[in-house]
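In the two assemblies presented below, chain A is common to both, partnered first by chain B and then by chain C.
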Partner chain A sequence: MPVDPSFSPYDLEFFAEDDVVKIVPSFSLPTFSHSSIRCIGGAFGPFKPNIPVEVPLWLAVALQKRNNCRILQPDWLNTETLQEALDQEKNTAAVFHRLPFHYLEISKILFLHAKEAFGTDLLKVKELVGDICKVRLSKINAGLQVLQGPMTVKLNNLSAAECNVIRPFFQGALDRFHLLASVCLRLLP
Partner chain B sequence: MDDFISQLQSPAENVYGESDLILMKKAYINEKAAPELLEYQTDLLARLQDQVHNQEDTVANTDSTHAEGSLVRAIWRLELARAKHLLRAYLRTRLIKLERHVTAVLDNPAMQARLSPLELQYAKDYFVKTGLHLKDAVLAHMPEEFNSLVRQSNVSEGHDMLSAPNLEAHVFVRVLEDRGAVNLDPEGDDVVELNKDDLYIIRYEPIRDLLKDNWVELV
Partner chain C sequence: MAGGAVRGARQGGDYYSLDAVLAEETLIPCMFKCGSRGVGRALDPSSGAEDVKPRAAAELPLWMLQALTSRDMLAVKVPRWYGEKMRRKIQAGAGVENLRLRCPYFYDVALALHATDGAPSVADLVISTFRSRYKEILTKAHSNESPKEMARIEALLSVEEAALFNAGRASLDALNRWRFGGRANPTRTRAKRRLDGAPVNGSR
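For the complex of A and B:
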């Protein structure tokens, strides 16, 4: 029995939480050196009121929950950039547009914990991310249909969640194709 | 747009650099996605466990009576929980794989060398215990020619009943450095071009050494 190499959605969110976002802190740490927090993953900060700083997503969400900061809308997650991405995604059938590897996880976390960051754009942004995801999934499905025989498949710019979705089918099918091909080779030299 | 995307795509290149936690995360992902047991990350594990212990001491010794201390303590605790979760996930994934392939691992000194001393002890204990149970429950009732744990019958040459990992399985792999053309089939000419940031579904066996030497990572 093969070891299941799939990740759970929780795994993927956990991985995504290491990506950095910009926040505006509302606190400072005068008794800590450089007003920053020395953690295992590095010294995060400096935290000074109203001075934007980059921190990992998990830290940003934790601070936001305590009302200690305001998460800023990432540059790739605004209506114009997303609209542009959606258009490109629709116009190119064979290629995937380059998005952050964890774009779905990050936007999900931000939609849940940092609604304020999007202001009045929230619905529009959500809709655009959903549309982009749908267009990409339909492209992936089209790609699956041309899969016939043992091969190496190139999937540049596919995101983590998308890889995970197609993993069971792709791996199963390709493993089987490869097995059949190698049996054929042995039987028909 | 590519400027900030490159920042987001690889946390290793972000302002906080490639910490042991990020390395640990990658080791976990590789371990989980690879069909066989990979090399135990002795140094990385030791460093991270050390850092976790030190951080726990720091947390215990921090005064949390004022707001500042309690905030920082909460964040430290949260990060510690994340680090421990990662360590546990890594070790557990290895144990699951070890249990599945225990006969193949113990049969092969090169594979044994990839285990930590504790894992090796675990593998031996596990093999003895499950082996005794299987002998008791099944093999004792079989004809003598067929009562081996690792051989299909008496006439088998060597151990032919091991649950070995399937190295021909396909994996999702991301290229970390330009590598150029790589031949997937020693006899044929099935060549793929591996350039930085390419993402492939590919058979595990041909890229096994590239993974070991950090040319590629699994996703």
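For the complex of A and C:
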């Protein structure tokens, strides 16, 4: 029963690159089929200058690196929405606020490659994301403390990185509870 | 982690688990119901006689117990670390007890003992121990305690608990390393420079 984490945060960052962001291309792609490009993951485009289009993060970053596009700030990644999310996280102890599954990974990639999208808010947004993560992790930890035996625990709206953090410990603890309980079922409360 | 170590090598469970093997080396106090010939010095090199008399007390490793109890040759006593005194200590405060010192494989040995002679009191004690220790100290694996406090906690844990605790810490450390920069594993040159005391991002 090895309890290694099956994914590293770097793996999760790789998965997050499939999530969709909006960009404003500064180039046009003249192809036959409505100037969209076909990839295994789907067709992206059409790319026309100054017309926003949705592409996966990896493509957005690749285009941005060549100065071919401008990545737009996602709706949920601005100061007001994040502040609201942070307040909700703080006010409700039992429920997690609904955020994108890969919110930590996406924000990290965007903070690295699309600094311009945030303008002067960059530091503030970074700080808010960090605060939200901190609050959520402490809530998760408080939730783990109520575990008293092999039972089901409801964890809605948990993000990928957070699942990954608690997985080895949580799984190991549940296994151990199960092992002890299976020996002596009648001793359970 | 030797999660299934209870099933042990004997019953074909974790045959290759080192922890399962080590857990079975734990000495358990027993009493011989009938005498045995010629094993006195093998069990205890300082023993005066070659033969073991009936009602002689001895400490036998866990792996011998099942074979001997199934032939009704042994009466197994409850080891002191599952005794009444320990029970009172656990009730008073499970989180301060040093299990590593008492019995490094506290849980696995208890489950194996329970399987051998069905001592319900031991299983009962062990379940309540794990429940309160989980709440009191194991969940601190995910909290931001100082390294000193972490080392103090780790010294108290049994081998099974330590595996759990360290797994929890490792995953949190991995997340923090990823979030706040730095490589997952330091490269050779970086590690070397750090050892030499030179600045890591130093002048080139």
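Following the convention adopted for this analysis, the second predicted complex is superposed on the first by the 178 of 189 C-alpha atoms of A that agree within 3 Å, B and C clash if a C-alpha of one lies under 4 Å from a C-alpha of the other, contacts with A are read in each partner's own complex, and residues count from 1 in each chain.
Operating definition for what follows: a contact is a pair of C-beta atoms (placed from the backbone, for glycine too) under 8 Å apart; a residue touches a chain by one contact, two chains touch by 3 or more.
Small disclaimer: the values here were computed from a predicted structure and weren't measured.
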| item | value |
| --- | --- |
| First, second, both or neither for A:R167, with chain B first and chain C second | both |
| Partner chain in contact with A:K115 - chain B first, chain C second, else both or neither | neither |
| First, second, both or neither for A:K90, with chain B first and chain C second | neither |
| Superposed model, chain A: greater residue contact from chain B or chain C | B |
| Contacts of A:L179 with chain B and chain C, given as first, second, both or neither | both |
| Touching partner for A:P9 - first (chain B), second (chain C), both, neither | second |
| Chain B versus chain C as contact partner of A:Q145, first or second or both or neither | second |
| Shared chain A surface residues [contacts with chain B and with chain C] | 1-3, 5, 167, 175, 179 |
| Contact set on chain C toward chain A in their complex | 1-4, 6, 107, 111, 114-115, 120, 123-124, 126-127, 130-131, 134-135, 138-139, 141-143, 160, 163-165, 167-168, 170-172, 174-175, 177-179, 184 |
| Footprint of chain B on chain A - complex, ascending | 1-3, 5, 7, 11, 14-15, 17-20, 27, 29-32, 37, 39-42, 44, 54, 56, 58-59, 62-63, 66, 68, 74-76, 81, 98-102, 106, 152-158, 160, 163, 167, 170-171, 174-175, 178-179, 182 |
| Touching residues on chain B, where the partner in the complex is chain A | 1-2, 4-5, 7-11, 14-17, 19-22, 25, 29, 32-35, 48, 51-52, 55, 68, 71-72, 74-76, 78-80, 82-83, 85, 89, 96-97, 100, 165-166, 168-172, 184, 190, 192, 197-203, 219 |
| Chain C-touching residues of chain A, taken from the complex the two chains share | 1-5, 8-10, 13, 104, 108, 133, 137-138, 140-141, 144-145, 147-149, 161, 164-169, 172-173, 175-177, 179-181, 183-184, 187-188 |
